[in-house]
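Take a look at the structures listed below.
Here chain A shows up in two complexes: once beside chain B, once beside chain C.
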Partner chain A sequence: MTETLHNPKPRLTATPGWQLTKYALYALVLCVVLLLLLGFITEKFNVGATSTSAVNFEDNTITLSLTSEPPQMDSTRATDMVSGMLLGHIMEGLIRYGPENEILPGVAESWEMGDLSGTFHLRQDAYWSNGTPVTAHDFVFSWQTALNPATASQYAFVLYPIKNGKAINVGEASVDSLGAKAIDDYTLSIELEQPTPYFIKLLAFFTYLPINKEFYESREGNYGTNAEDMIYNGPFLMSRWVHDKDVRLERNERYWNNSQTNLDAIEFGYITPDPNTALNLFATGKIVLAGLNAENIERALTERWRIETHSDGSVFYLGFNHRAERPTSNLNLRKAIQQVCDPEELVFKVLKTPGNLPGESIFPVWLRGVEGYFRDEFPAPDHKRDVASAHDYMNRALDELGLDEPPSLVFLTGDSAFSSKHAEYYQSMLKEKLGIEIKIDKQIFKQRLAKMTSGEYDIVAAGWGPDYDDVLTFGDLFTSWNANNRGLYKNEELDHQVEIAQQSSDPRTRMEAMDRVQHILYEDAAIIFEYERGSVYVFDDRVKGVTRRSVGTDPDYTQAYINPEVDN
Partner chain B sequence: MTELSFKPVATSHEVEQASRPSLSYWQDAGRRLFANVRAMISLFVIVFLLLMAYLGPFIWRVDHTEQHLDKTSQAPWVNRNAILISEDSPWQEVVVAEPTGTHRAPSNIEVVGEARTTSVGLKWDAVPNATAYRIYRHILQPVAGLPLGLPIGETENGTHVSFQDKMDIQQKTYWYSVVALDDEGNEFEEFTSIEVRPRLYITVGEALRLGHITDASNVEPGDTVRLDWHPLGTDYLGRDMLARLIKGAQVSLSIGIVAPLFFIIIGILIGSVSGFFGGVVDSILMRFTDIVIALPFLLFMILFMVWFGVEAGGSGIPAMVVALVLLSWPGVARLVRGEVLQIREHGYVEASRLLGGTNRWLIGRHMIPNTMGVVLVSFTFAVPATIFTEAFLSFIGMGVVPPTPSWGAMCNDGIRTMEKTPHELLFPALFISITVLAFNLLGDGLRDALDARMRARE
Partner chain C sequence: MPRYIAMRLLQGIFTVWFIATATFGVMHSIPGDPLESDKAISQEIRENLEAKYGLDKRKITQYGIFLLNMVRGDFGWSFEHENRRVNDIIAEQFPVSATLGVLAIVFAGLGGILWGALTALYRNKWPDVVIIILVILGISVPSFVFATVGQLGIVTLNKTLGIDIPVAGWGTVWHMLIPALVLGLGTMAFLTRLMRTSMLEIVNADYIRTARSKGVPIAQIFARHQLRNAILPVLTVLGPSIAGITTGGFVVENVFGIPGLGKYFVTAVQQSDYGVIMGTTVFYGAFLVLMVIIVDLLYAVVDPRVRLNK
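Let's turn to the complex of A and B:
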């Protein structure tokens, strides 16, 4: 009966396989225990909810996140969207845009604007946050500073419509010769270089904001680097700026229209470029707005959050390198590529987020035309993918280029995950449809611009956002004199049409010229229209009165308020 | 007592036989390795992976660069029975006259034609005073008072009462809701929803082109065809995951084996020379080794890429291999030096020298073969480490260039869609884990098998 004791079978526990299983089991049990424990702790001690909630009823404050830290807040040197958005809240120019992009009086109470000159009458109750009045001198000083070559402002060109603006910026004239003069403290006279029908719309752009000269000089080069190193004339003022951590805007009591401001403070409590982090903050009730991408839309849906779309106004396209030594200078090659591109496929199958529109023209759908929308009045060129005709073009291109097989092309693009997905789509598509080999060159933004300028590419994924609310902000992009025309596209008729639009003050003449431009760009396959960018975001609907725009401050919280009815 | 009693015992040969056959060092090591179940399983896994990488493309003949935009990020288990239809009918906008009445919800909402995974068409009855309609899509049933879901589009104006959705439609249930907008662009409170379950459809022409049917005359609309199978699903551009993993295995495994091979050779040479000669030579070589060990790998990797002049869209793999080889040998060199320092004190080395063995002979015949054990073990550990480095460098975008996949790069792509389509991250991550684990366990087994002291313990 003790037989088994004498002849023990090899014990299962001794084999290596069993040992492994045992360790795996231990690890699993440990994980489960840890998870339960953490769950219990967060539940018990309410770790998730801290004092800074997205909407604070007592303090009349909302909390948001920023995608990046503003490099600095000096309006003459600002370039990025975050700085632009913040400046739109803490500063005010001569005019500002209303909720429907209508022009509202800002610091200027009234104005007379002719073809070549204008006079602006400034309101006498506009004050800086330190109590000094906002005067015409502050505008002249700011514009002169931005144009001064020593400032090296990247956006100085926005001021070129003002007389001598360009000459000052390239160092051919002194800053005093600028065509903007303060007649007295509250009267500003502006002379223009040439008729610029859209000049009034430019005045809301951040480079046109005023800066107080005494204060600017008292900071000895540090203006705009900290919250204390600035004074404000907008609806809000920056009360705290902890670099790389948070920014707090508070109601500016000295703002002339303070009674119209509803919120007491806007807290930009988080700075994170990662959309998933932002969405988690939104999920835990810490911020009011978070952007979505194709991957996390489903989560927003299962949570039944309010999802909204917004068109940011910019247009994306594939730019060709038109330099003679590049194969893409060949019209038939460009036409072949154009014929196999399908913006609908790109938007619906690759981008996969609503809000984006398939690109049909260099002019986005929201631009105003003569009376209604430009694109309703002047339809975009017809385009449909046509592989057969693409092959015809390709054969002609090969003849002209003296090649036996399709050339290999360099596709210059950004370094983000989206950029590479987008580039891979074209890589496979062009290989399959035309046999073109694509080499993807991923570069950071600055390096990409440098390579575009030196011409080391064949195709570039590019985009353009509007600087002001007029067709010309897109229309003059491919003129031979535009510094942003880095592919060196040159078409005399297009140049001529843009000149017409720049100088004429008759809306119909201007819009007809622009209609020619969109067709020339298509017929010449100068660029390939890809999409008009839109974004999807989740939004806390207890906050009302927020304006999303394509041009100017976006999102605009200056008129935002907390809806008292849905207090929970 | 008879004579028989004194008969000699039959000569037993068995006694004289050794209890165990005489085994050389390597035979013995091999025997112990074969007895190690864990190591043997690992060895089979590695052989299987190598076969998959190099023979796989001949069996699984799917192009890893071919994209199918109609089935992006498709999970392996997704239904692939498509219904045949004769022709694609072009989408027709439905435009009606301004209606009269007072109803505020778009009634009679219905699907136009079939609800397909490529497009879903909707139409509904017009609402008086509507300036446009907004169409929402939700994956949950809409509830009054709660958001209706994803705003998928708007119609041009109030007389356009149809909409075609083409945005990334999957084979699952959706609820579409239509709301009218007033002249200020505000939504009416009333909405109408419809439950739609899009299905896979394929036109006869498309099925012929893809080879799913051979003859159009013996099929009828309504028949089902089975579409191509993707055993591991597809990625974000609809490329076959299995084909990409096989191609990725070639990249990952070849780097994982080639780079360690080279740096181990360099390590052996430097280590044995250094250990054998000792003195000044040893000092100089070991200080040089210390310098190389101190060099930051990532920085030098970038420098090599610059130095190699990797052109736009060029692969970073050659630069990566050179960087790995030039920077990873010190560990092996130190190991080999330590072994050689021990071995050179042994009597047989002295004997060999007295018999006229040259330095070259001593190193080649006595030193290096005797260090083979440690070297083999460090090789098996270096392989997974290198695969990991490659995965990491490709993950941060410094390795392979598209469309060439590598396991690390695939993980990088997959991590973005981790929540929605986990298979895109899971499979490449699984392959990395299995490979690394297999090489490590094999290395463990080899170390145990090659360790001469283990013989005594048995």
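Let's turn to the complex of A and C:
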């Protein structure tokens, strides 16, 4: 009787267990309905399809992934590799690099370049993707914008070789005074501040790309933010950019050399920094290329995928802190450390991934010299691990420093697993060979840079990637005026040699000066050469014609094509 | 009731202001400089940048400007994504995180309640033991392990069954399922334990004994008296969990290549991106406060004893 009162709706099952099962079923139904509903909404709002396969024969399209969302596509302000790579596909400067890094005509059809000035003749069939012609004014406008202090471009310094470039950037001259003038729509004259022998190579750098003034101003500060906030003059145009999700490039029909473009579209369908994700995407046939690291290279080997290596152009070294209050300002201490270091041991026993080269010089092997490769013409300093001489240096250092035992040193490095492994190798090696105690200081990127700038370290794991294809991109790194010389190394002879290379137009004089630089850095143990980084990757060999570069647009898919003869 | 809500909202605004001020203070006092980059910038270029972002002004002025803009709902520009507004980043990226988060929280909430009820029902019998072991795993194993294993699972599944479930990306229902499960797993494990404890506390409550002695069927006691009461503590933590999950799937977003907001929380701090740090933190704070208020209001629905107008 009471029970019916309490339970007017007798729809309960017999036991709690069954009751719970019933609830679980409800929950499951609810989840499925919710999943379908959210799926439906997402698909409804999803812009563009997430690509289905790495190589699509019908659409003549390949799919790739990006390691990060491009921060922006405004060439006057871009600084990172991903933006640079994309800009290399969708824009074109006065010149472009060929497959062998030879200089090819871009928007400029021909040019005359003297020591202090040059004239560039622009092709008349170069058009922006909206149909307006690409003119000399577009270059002048872009360079003026990058140098304008209000733009606050971090890479404005790349334009400093142009007359008044620096003065404009520091606000001492008006942008109109720039030494780059449009004589007419198709003639651009450039005056230089001082002789800059490598200026022509700089023109391929993204800060030198043109921007159409009218269009730029019509976007009211949004130029480069979205795909529709840009117009394009490169082989491809950006047809879609969903932030953090994907970027799609399509053939630019208005490109003057469109007949040489093979692919109809390049889909960057995924954005993820995780190399394992990229490899899983490669494994399931979703992307054409995936970078490998020490952890996942084993898997690529067991799966028998074709593994390729390529020098990514950068050089890694241990930087010393040369500030007087630091023990590493002592030459003999640095020499002692230098003498026990063995780049070959590091590369083959610690780093282990293929593609890296033991470091012998600040100049990587791929740099051009007078006629051939710089390092063939000017061999790097001879180095062999020599523990006995290291101890001699150490004893002298202890005397000079007034110490009884080797000092303990702070080793500043990054926060990745690789950084730890690398730092621990030096920690145990220097302890064993010289009795130096190493304190490892792991810091996230910006804080590491801040500590380098303020000098809170003795040794730092550092590296440098090239900005342009000339020895000076590495050669001027340790001059007293370079802001990247965060260890405050100072050597008058080195400064002098760099000045020679900056001003001389004779290749041999310049290269000889740079040869001195690599020897000074070694003799002074200013830094310790570690390795030249190689990247290892797996690649779908149905795609051909992709150029890997150490400097410039990398990877370069502008000439890529799908091989019609497939064997798998 | 309206008065109560107004009071809570007012408190909420104060909380958000406090979060904003504390974050602003901490952000400016930790080492790391938003203008540092691997290619060092010269003094001249640094001055240009400082002028652009207003970093050349005094801290207190910067704070004032920030507060004023915040009231207007404008968080300014990102330092890293130089011409994207922080508002745009939140507006574009948050819906994705929210979609994934809603799914994850429903998985976690329903799963936690059901598994918790199950363990309490079969206390010290094998289902209890098995589930509790899984719960301990779920709580202690970091999410990147689950994410990586989940992804490898998809790869293997695709290979063996010849199907095509996407391993990463966004756009369809298949892109959501595994990431949402992975994202919700930790919370589900935590809620399971909470639910179990809560159920077992109630087993010996007076009203359960009364119901039993009246002869109410056990299924009814379980469903009406025990389960409903035990859910209350779970609801309490659900509020903060919703905010946490919907905004913070950093690992899951990175591994599965999902265009969400979670990665901005982490990378912004690493990059000292002042604009994004402040924008995401204040947004997150406001969202959290709102969720807690909503859950408190829900209390009144679930528990008639709670009278909100008091």
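By our rule, the second predicted complex is superposed on the first by the 515 of 568 C-alpha atoms of A that agree within 3 Å, B and C clash if a C-alpha of one lies under 4 Å from a C-alpha of the other, contacts with A are read in each partner's own complex, and residues count from 1 in each chain.
Convention: a residue touches a chain if its C-beta (ideal position, glycine included) is under 8 Å from a C-beta of that chain, and two chains touch if they have at least 3 such contacts.
Keep in mind that this is a model prediction, so the values were computed, not measured.
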{"item": "Touched partner set for A:Val410, first chain B, second chain C, both or neither", "value": "first"}
{"item": "Contacts of A:His322 with chain B and chain C, given as first, second, both or neither", "value": "neither"}
{"item": "Touching partner for A:Val536 - first (chain B), second (chain C), both, neither", "value": "first"}
{"item": "First, second, both or neither for A:Lys201, with chain B first and chain C second", "value": "neither"}
{"item": "Which superposed partner A:His422 touches (first chain B, second chain C, both, neither)", "value": "neither"}
{"item": "Broader residue contact with chain A after superposition on the shared chain, chain B or chain C", "value": "C"}
{"item": "Which of chain B and chain C A:Lys352 touches, first, second, both or neither", "value": "first"}
{"item": "First (chain B), second (chain C), both or neither touched by A:Arg510", "value": "neither"}
{"item": "Partner chain in contact with A:Val170 - chain B first, chain C second, else both or neither", "value": "second"}
{"item": "Partner chain(s) touched by A:Arg248 [first = chain B, second = chain C, both, neither]", "value": "neither"}
{"item": "Chain B/chain C common contact set on chain A", "value": "15-17, 20"}
{"item": "Interfacial residue positions of chain A with respect to chain B in the complex", "value": "15-17, 20, 294-299, 301-302, 304-309, 344-345, 348-350, 352, 354-355, 410-412, 415, 417, 420-421, 423-425, 427-429, 431-432, 438-442, 456-457, 536"}
{"item": "Residues on chain C engaged by chain A in the complex (per definition of touch)", "value": "30-34, 36-45, 47-49, 51-52, 80-84, 89, 92-93, 95, 99, 102-103, 106-107, 110-111, 114, 117-118, 121, 148, 151-152, 154-155, 158, 164, 166-177, 180, 214-220, 222-223, 254-257, 259-260, 263, 270-272"}
{"item": "Residue ranges of chain B touching chain A (in the complex, touch as defined)", "value": "37-38, 65-67, 69-70, 72, 138-140, 143, 146-147, 149-153, 166-168, 236-237, 239, 311-314, 397, 401-403, 412-413, 416-417, 419-420"}
{"item": "Interfacial residue positions of chain A with respect to chain C in the complex", "value": "2-3, 6-7, 12-20, 23-24, 27, 30-31, 34-36, 38-43, 45-46, 49-50, 52, 65, 69, 71-72, 74, 77, 79, 149-157, 166, 169-170, 221-225, 242-246, 269-274, 276-277, 280-281, 283-284, 286, 444-447, 449-451, 453, 467, 482-484, 486"}
